[in-house]
Structure formats: C-alpha cells, structure tokens
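Read through the structures below before going on.
Two complexes, one shared chain (chain A), two partners (chain B, chain C).
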Partner chain A sequence: MTARRRGRRLRQTGWNIVGLVVFVVMVFPVFWMISTAFKTDDQIVGEKPTWLPLHPTLAHFRDAIDRPFFWDDVKNSLIVVSVTVAISIVLAFLAAVALARYRFGGRKLFVVLVIGIQMLPQAGLIIPLYVVLARYHQVNALSGLIVTYMTFVLPFCVWTLRGFLLGIPKDLEEAAMVDGSTRLGVFVKILLPLMGPGLVATSVFAFITTWNEYIFARVLLNDQQKQTVTVWLSYFLGSSRHTDWGALMAASTLTAIPVIVFFLLVQRRIAFGLTAGAVRG
Partner chain B sequence: MAGIRLSGVTKTFGGVTAVDDVSLEIEDGEFLVLVGPSGCGKSTLLRMIAGLEEVTAGEIAIGDRDVTDLAPRSRDIAMVFQTYALYPHMTVRQNMGYGLKARRTPKAEIARRVDEVAELLGLAELLERRPAQLSGGQRQRVAMGRAIVRQPQAFLLDEPLSNLDAKLRVGMRASLAQLHQRLGVTTVYVTHDQTEAMTLGQRVAVLRDGKILQCDRPQALYASPNNLFIAAFIGSPAMNLVEATYEDGAVRFGQFSVPVGRPRAERRFVLGIRPESFEDAAFAPGLPTIRVQVTVLEELGSDAHVFFTVDAAPVTAEVLEAASDQGLLPGTGALFTARVDARTAARIGGTLELAVDPARFHYYDPVTGDRLSAAGAPELVAVP
Partner chain C sequence: MLDSSSNAAAGTLLGTSRRRRRLGVRAAHAAVPYALILPVVAVIGVILGYPLYWLVKLSTERYGLFELIRHAGVSVGLANYHSVLHDSIFWRTLLRTVVFTTANVVLTMVLGMAIALLLVRVSAVVRVLLSSGLVLVWSMPVVVAVQVWYWMTNFENGVVNYVLTELHVGNFFHHDWYVTTFSQLSLVTLLIVWGALPFVVITLYAGLAQVPGDLVEAAEVDGARSWRIFLDITLPILRPIVLILTSLSIIWDFGVFTQPYLLIGQSKITSGNYLMSIYLFEEGYFKSDFGRGAAISILMLLMVAALSVVYVRKMVRMGEAVQ
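So, the complex of A and B:
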C-alpha cells in the first residue's frame, strides 16, 4: 500500500467516524425516549443506567392513555392538522401555479413577502394574534388555531411548491395546449400528475410542522378538552415536585408515532420528489 | 391541410420589438424554413402562429380562418418542441394519443391511428415505454409521431433536431424531408442552422432583428443573397467578404487585383467571393489568377480547402458579427477560404496560383449592406 493510498483510507475512516458520531447524537434522544417508556420506575430512577429494558413493561403506556383528555386531544390534533394541511396545500398549489407560470404586477414583491414573513420570530406574533383572534371569538377554538397555523404553513407551502413547479418545463403545458387541452385540462392532466411527488413532500413537512407545534396551541387553547396533544404532553412536567418520567416518555412516544408512520408511508415518494427537477421531456 | 398567411404581424415585449411587421404567405403543403441567429425572433414568430404568444399587431390566418385571437387548441396545428416536451408520466402510446383524446376521438380510432403512425416511424416496439426509457433519437420520433397522429392543418417545428448528435441529425434531416414528401402537410420549421434550412426548405426566410430580410428558394438565396448579412449567413464554408475598390477595370482587394469585364459605377464596396468561385489554376484554365500564400490546408478527400490571408481589414460590420459563427483569428488580414480540386499541389506555407471567376463576384454597399447588382449574370472576362 502506498503512503498516498493509506492517507486516503485514513481520511475516509475519519469521515466515517464523524458521520457515526453525528448519527449517534441525532438518534440517541429518540432511542432513550423509547427505551425509557418501556422501563420500570426502578430502572428509570436507578443510579446505574439501564440501556435496554430486558423485561419491558407497558404500564407507562396504559398510564398515559388513561390520563384525562388523551383521546380528546388526539382528536383535536388530527382535526387541526388535517384541515390546516388540506386547505394550505390546495391554496398553495393554486398560488404557486400563479407565481411560477403567470406574469402579473407585484409578483416579485409577493414572492419576497412570502419568504420574508417566514423570517419573523413567531414569539413576537403571539400577543398580536391573540388580540385579533379574541376580537373574533376565535380564542379557545380549533378554528382560531387552524387560521394561526395557516399563517406560516401556507407561505411555506407556496414557496416549496413554486420550486417544484419551476422544475417542470413550461414546454409540456404548451405542448398540451397545442394538442387540444384547455388551461384546466393542462392543470389536471399534466401539472397535477407531475406535481404528485412535490405535493406529497410538501404536505409531509406541513403535517410535521403542524403536529409538533406547541407554543401557539398552548397560548390560544385554554380548555383541556380543546387542546392538542403537544399541550396535553406538557402536563406531565412539573405539575408537582415529581415528574413521572416513564409516563412522559410513553406519551412522547405515542405522540411521535403518527408523524413517523406518515413519513414512512410517503418516504419513497419524497425521495422521488427531490429529483422532480430532473423531469425532462 | 391549409396555407398560412401572416399580415403585418408584430410582437413587442415591454419596449422591445421581437417581431417587426412580418408579412408572409405560406402555401398549402409547402415546407418553409425560418432561419436566423439566436434572438432574431424566429421562435417568437412560430409561437405566435401556434397561439402560444399573443400578437401585438397584425393578423394570422390558417386556411380561410382568421386565427389571430384563437386559443392554441382551436387552431388545429401540431407543434414539435426543441425539448420534445413529451409527457414524462405517459407511455409513448398515451403521448401520441393525447391530442386525439383531448379532442374526444373514439378510443378505437385513436389506437388505429397511433399504431399506423408508430409503424411509419418505427416506434411500434416502443409504444408501452415511457419517455425516460427512450434514446434521444427515439424521443424525437415520438414527438414527430405525436404531431403526425393528429393530422393537423400544419406542422410547426421549433429546432426539432438541435438536441441530437451530429450524425443522428443528418439522418433525421433526411427522414423529415421524406416525411414531408409523403404527407404533404404545410410545415413551418425554425432553425438557426443554415445547412438545415438549405437542405429542408422549399423556401427559406432569413430573419434578423424581427424582420424577414429575404424569403426565397434555397438556390436563389445562395446564388444572390440580397444583403451582406444573408451573404455571410448562408453557405458553408461562408462567403469570403472583404472591403474592395474598383479602379481601371479591375477590382482590388488587399494585395490582389482581378480584372473584371463590366465597369462598375461604385468606387468602394464590399466584395463577396464564395469559396467554390476559386479553383487551383492548374484545373481551371482561362480564368484570371491570383498568387496566394497558403496558410492552412484542409484536405477533405472530395476537395480541399485552401486558407490564405488578404492584406485588407476584414469586414467588421456589425451585421457580420451576428451572422458568422466562426471565431475570427487575431490579426489584421482577412482570412479567405478557397475550395479547390482535391488533386491540388498546394502545401502549407507554399504559394499557389488560384483561378477566380469574376462573374461570380458579389458586391455590397459598405454602409447599408445592400446588394449592388444582380449576381450570376454572365460577364465576358478579359483573360490577362
């Protein structure tokens, strides 16, 4: 083996180690959450850490589910997420088509605003939003939360979908129009099928953002019966001097499941979606 | 099938005029080529005929119908795009049948026509594939097939061969000519490649800055280009152009002087000589000759290209920069090309006696670039 080859091999090994470290840092909290959820209370608070519960218990899960309002709040979360994502995707797709394909006055300004609004710190918006929503009796109502979520999910979707649309050659639409399609026909028969991966990828991100959101939900929803799961989860902490870590981790695991399932379902389409720009006639 | 009539068609984008008052009559069944350098407005003109660009002023008629304000789908034309624009999510069969389906043609009829055209273009084996699984040449044929299946009033082709490699391009060029002969559909073909224009077009319209400079049969365009731009643009190798003067019965350019039979009224002009108007003097007795220093020699087998410098400023008119796609060699002289017999004894660095036929000289106004007299007229030449 020459010195140069050995150098290359060493460098490669180095990078592999760095990659492994990053992987462990990313994955460990998730691993710890899940494994703790299955441990007994003794193992959780014991001085010697238990890495893998050899005799897993489901007690914490039972405990978590039995807490008040769990099913109410899961239902609330699902309503908020599905309505927000559905409305956002439909509106964003139409807006993105307009931005990517039509010329009109103020188009540039609109695009800049869409991305600019994303830069505002959300914490600064909470009070003004609360005041406005209160005026229209939308505080402590899921509809108010949905509108709030759309203020940041919608621009994000517009921005992402516009990117996907720009990757689809305009020639395709023009060819279809010359071939005899109306504008609507082009939209349904050409754009929609080609945008499939983009729409899926964008809704995944919208889903994850909305499902995991905590601060707005915490501020806007007061009734425990009307809250979302992330808020429900927060009640495990600090209610007394004692935190029930096992139940908290079990509840956290339960909360993460929908996101993971949804992601796994569409993950292959996303990988395809990321290369959507390579579509060439 | 139908002819296409453009009257005073103009297109402006913002303040820029892309197509400027173009009037053109394309006959039923004719193959017309729009050729010009990039940005000359040829694609815009084609897109206006297709209905993909709105017309700022003027009228477009296909057959007897004024289509100026009609949507593309109502014009009954088919278009082939430079990128082919095949629908990536559909099979070849679906791609070819799309136009018929959009027009609600019965399914059996669509299948019959697609099969027929696929057979004609050699695509029968590929009907169930997707565009991504096809080679460049196959995609090109599918794009053509999609147009043919429709049996439209006219074909509009926008640089359909420019994405193919050189060899395939020549083959497809011949196939296109054959197809047109067979189908006889009115065709408008846009290209920047003058060879394609010359070989395919029954008539060729040369565009520059949104205007048609000349529209004629390829032979006529080659024999008597009516201005300097076309002279430089049409022909490969390009016409040799140099500033020249007329004095005492001879045309002088650089160190050379060639006696011409007919006296000229103008004292100064741009002289144009096609490479094939030269010949190795050994094979062309009876013509005036010039003695040149051979700078480069390209032996092509069938003939040979002799390059030599002329001690005169090359024509640097802006019109030529737009027309010529060849890089200019640094230096003060103009580099001339002569096409001579393959048996020539010319050697690089040596001298060569070149015969030149003054009857085939082209003369252009150095300021306006307009042609100064009819070319090709037989002239009596005094042999020195």
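So, the complex of A and C:
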C-alpha cells in the first residue's frame, strides 16, 4: 500500500517537473525580451549570456522612445484603434441584438457573412483595398486604414457580443415589457447595464487585434510619420540588421505592454466567448 | 419576437380598424432586426463588397503603376490566370505552403493536446503557474514576438545557439539559422506553434473538464490502460473542439504572412522560400503588378474558402443550436 502511494507521489513529482519545463520553455522568450531590455550593452553582446540584469539600466528605453517617429506612430495607433473600436462596438451591438433576440429571414446568411469574413486571409485583400483606396486618395491616410480595420473588427464584435447577449435571460426583458416599458426603455434600462462587462471585454479585445495588426498598416500607410507602432517596430532594425538589440527589446517591451495588460484583464471572459459553443458541444 | 404570442392573442379581441393598426405595428416590428443589422451590412458591403468587385475586375486587366495613376486598366481577359497557373513558382509555393501548413497544424494540435493533458495531471500550484504563463504568451503581439525570436536566434550572440551548445546538442557556435529554406521555415514554424499553443491548450483544457471523472475511474478500475482511456473516452468527447481548433489552425496557417515575412526578413525572401501570402505580396503588391496579384488573390481566397466550409458550417449550426 505504501509502496503504491510512494509510486503515485513519484509520478506526480515527475509530471510537475515536466510541467515546470514546459513553463520555462514557453515563457522564456517573454522573459528574455524584458531581461535584455534592461541589460547593459556589454552584457548583451557578451560571449556568455547574462540571465538576469542585476544592475538594470533604462538607457535602452530612453534610446527607443527617442528614435524618430516613435511618438508619431504611437499617436497614430491610438487614433486608429480608438476610432475603429468606438464605431465598431456601437454598430456591432445593434446587429448583435438582432441576432440574439430576433428571428428574421436572411438571418442565416448574415451569420455566414459574420463568420466567413473573419476567415478571410488578410493578404488576399491587400491588392483590391490598396487599389480602391488609392482611387479615393485614402492611401497613406489614417481614415483609409480605419475603414479597412472596421470590416474585420465588426464581424468579430457582432459575434462576441451576440454570445454575451445570449447569456442574459430573455425573461428579464419580457417582465419589463409586461410592466409597460417600451422596447427602447428595456434596452437602456436593462440590456445596456447588464451588457457592461461584455461591451468592455469585446472593446478591449478589438483594441488588441487592431493595435497588433501589421499587413494592412504596412501596405496602406507608406509615410514613416503616418505609420502605426507595429510597423514602426518592424522597421526598427532597418535593412542592415546589425543592431542595437537592447533598444530593439526595449521598443518591443513598450509595444507589448499595453496589450499584455489589457489582455490579462479580459482574457478569461473572451476565451470563454470564443469557444463557449464549442465547449458546450 | 418578444411579444408575438401576446400580439396574436390581442389581435383576435380587437376590432378591424384597431387590428389594421396593429398589423402596421407588427410590420414595423418585423423591420426592427433589419434596421439593427443595416449599419453593419452597409459598412461591410461598401468596404468589403466594393473592393471584392474590384478584385474580380482587376484580375482580368493589366494593371500596374501606370494604370493605377491613370485610374484605368487594360482588359486582358484571363491572361493573368493563365500566367499564374503556368508559373512553376506558383505550384512550388502551393506545395510548400501545404507541407508547411500540415507541419504547423500537426505540431500545434499534438503538443496542444499533450500540454492540456499535462495540465490535468500536475499539482494545483504548477497548474496555475503554467496556465498564467500560457496566457502571458498568448498576449504577445505577433510583431513583437518576431523581434524577440530573431534576437534569440541570431548567429552572433543568440541565446539559442548558446543553450544548444551547452546542452551538447552539437556545436552551434555562430550557427546561422537563416541560410537554408528548411531552417528558415522551421524557425517560423516554431514561432507560430509557440504563439498558437496557449489558445489551443486552454481551449482543450476547458474541454477536458467535460470528461466525466467517474467514467475514467471506472475504466481504470477495470484495468484499462491510460492510452486506451484517452482514445475511447477522452478523444470522442473532445472531438468537436479538436475539429474546430484544427480547421481554424489550417485556415490561419495557410494564409500566414507576418511571421514568415518578418522573421525571414524581406532581404532574404526569394521565390525559393515563398509561402502563399508572401508570393502574393511580392508578385502583386511589391512589384506593382496588381492585375496578376488580383488573380493570385482570387485563387488563394478560393482555396481558403474551400478550407473554411467545414468550419463555417459547424459554427453556424452551433450558433443556431444555442439560440
């Protein structure tokens, strides 16, 4: 009996060790980015890697934000992201209400559209978007990028918000209707407050995807001053690639921080929203 | 409709004139969902529909920089398609992309399943640690991940070379990973799998919670081996999730652009290491041959559409079931 118990404990320890190894391998790149950003140049290029910078320096961060166009491009990213998300979330919410609360002809077609668009490979659309936007002088303009992003953010928001809406029981609204509230009244007084967390989570997730987007921004904005911060980061090395690794990692850390913070805040809700249907089977 | 039943009940009690007004109200109610989806449909129709119409038009035209400035292409019929389909680079790129996608998807799913099963077995502390680590990785922006990957694998002082040498895997001192196509694409694969694992693992782990514990216990008491339990109990229950994750991975990996384009680096991209999206970007956009690029785009969109059918149908059916 004790031998068997000891065997089980041994196996448990074995699994734990494997788990820790997987943890280290998975997290290492993130750790290495942050740790490099704080090292001195000697420690970075040294023959033997320095695992932890015991005397961290902020020099690389200062260097990174002083590079040309950093602040311009951060500002551009913020403009593009906030306008895209603000418009999308309002329009998508309306459509999500239609999907979650009404049956109507053509509903299925709309669902196929919403899901199908999210599957389109973005590279497949750069050519027509570039040509059409060029015709209307929207290349190299943030407005052109914003409308492009909306086509992808809208379906995502519609589908996710619909999931959150389905989680709110209809009885609440029906009860209010019986009590004499108008449809609009129900919407404002009941649906909107209950949807608060869902709206926040969906907006944040839309914020992240838009902030991270690369190929459309790369193609539709040519001017370095007009680019988004992701494209700025991709150009950081320049063509030579003989580089200032410390500054590159500091810039990477800066680009990733808002995303990481936001993501950790809403991950649980969205992860559920994305796959709730699948998990329920 | 929220109130259709009460409407019907009320309708029989009302006089004809009121009933007519009631019908008007009902028609107005029937219009509500359409009014609600109208803005989204309009935006998508204009911003996506119009370019898609242009995509088809462009694919039958000669359309380069000159035509872009002149705002008019020269019709050439199906010449662009003919040129692409008779381009040996296209076929080699397609084959490479299929092999690449298969490798990525298989690795993602197998490792994802293994780590999800591992999460069930480790103790609570390790589980929290590992899943937080996964969420952290999940949150890394792709472009940032590429830069970190490049820094870790650069030949001069990349930490990967150091670790591999220290672990006596071989002598990797100043080993350049960006020389052969195979090695380049292997690194891209590692990057993609690493980035995709958190989503896959966490979703599969959520699915594993559905596997009834007493069923597994009963099988264990009957002396079933763990791999039999996995094949006969766990896998069938996870089937729908595995199917969805696999088809999503296929669609994403087939059309992947940012990771290979940035990690290999534009200066090292050649027709010898193209993946489909990069082929399209280089031949269509970079060379400003928009007509031919449009033909490639359409071929690629059709392929992805074919791959998506299963997924979209499943999602739609599930969406209707939840209603």
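Everything below uses one rule, namely that the second predicted complex is superposed on the first by the 234 of 281 C-alpha atoms of A that agree within 3 Å, B and C clash if a C-alpha of one lies under 4 Å from a C-alpha of the other, contacts with A are read in each partner's own complex, and residues count from 1 in each chain.
Definition applied: a residue touches a chain if its C-beta (ideal position, glycine included) is under 8 Å from a C-beta of that chain, and two chains touch if they have at least 3 such contacts.
Just so it is clear, the model here is predicted, and its values are computed rather than measured.
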{"item": "Touching partner for A:73 - first (chain B), second (chain C), both, neither", "value": "neither"}
{"item": "Touched partner set for A:113, first chain B, second chain C, both or neither", "value": "second"}
{"item": "Chain B versus chain C as contact partner of A:185, first or second or both or neither", "value": "first"}
{"item": "Touched partner set for A:244, first chain B, second chain C, both or neither", "value": "neither"}
{"item": "Partner chain in contact with A:219 - chain B first, chain C second, else both or neither", "value": "second"}
{"item": "Touching partner for A:177 - first (chain B), second (chain C), both, neither", "value": "both"}
{"item": "Residue contacts with chain A in the superposition, chain B compared against chain C", "value": "C"}
{"item": "First, second, both or neither for A:169, with chain B first and chain C second", "value": "first"}
{"item": "Touched partner set for A:193, first chain B, second chain C, both or neither", "value": "first"}
{"item": "Chain C-contacting residues of chain A that also contact chain B", "value": "174, 177, 279-281"}
{"item": "For the chain B and chain A complex, residues of the former touching the latter", "value": "50-52, 71-73, 75, 77-79, 81-89, 98-99, 102-103, 131, 139, 143, 146, 150, 156"}
{"item": "Residues of chain A touching chain B in the complex", "value": "169, 171-172, 174-182, 185, 189-190, 193-194, 279-281"}
{"item": "In the complex, chain C residues that touch chain A", "value": "1-3, 30, 32-34, 36-37, 39-41, 43-44, 47-48, 50-52, 54-55, 58, 63, 68, 71, 115, 118-119, 121-123, 126-127, 129-130, 133-152, 156-157, 159, 162, 194, 197-199, 202-203, 206-207, 210, 237, 240-241, 244, 251, 254-255, 257-258, 262, 265, 267, 276-278, 280-281, 284-285, 290, 293-294, 297, 300-301, 304-305, 308, 311-312, 315-316, 318-323"}
{"item": "Residues on chain A engaged by chain C in the complex (per definition of touch)", "value": "12, 15-16, 18-20, 22-23, 26-27, 29-30, 32-33, 36, 44-49, 91-92, 94-95, 97-99, 101-104, 107-108, 110-113, 115-117, 119-132, 134-135, 147-148, 150-151, 154-155, 158, 162, 166, 170, 173-174, 177, 183, 208, 211-212, 214-215, 219, 230, 233-234, 236-237, 239, 241, 245, 248-249, 251-252, 255-256, 259-260, 263-264, 267, 271-272, 274-275, 277-281"}
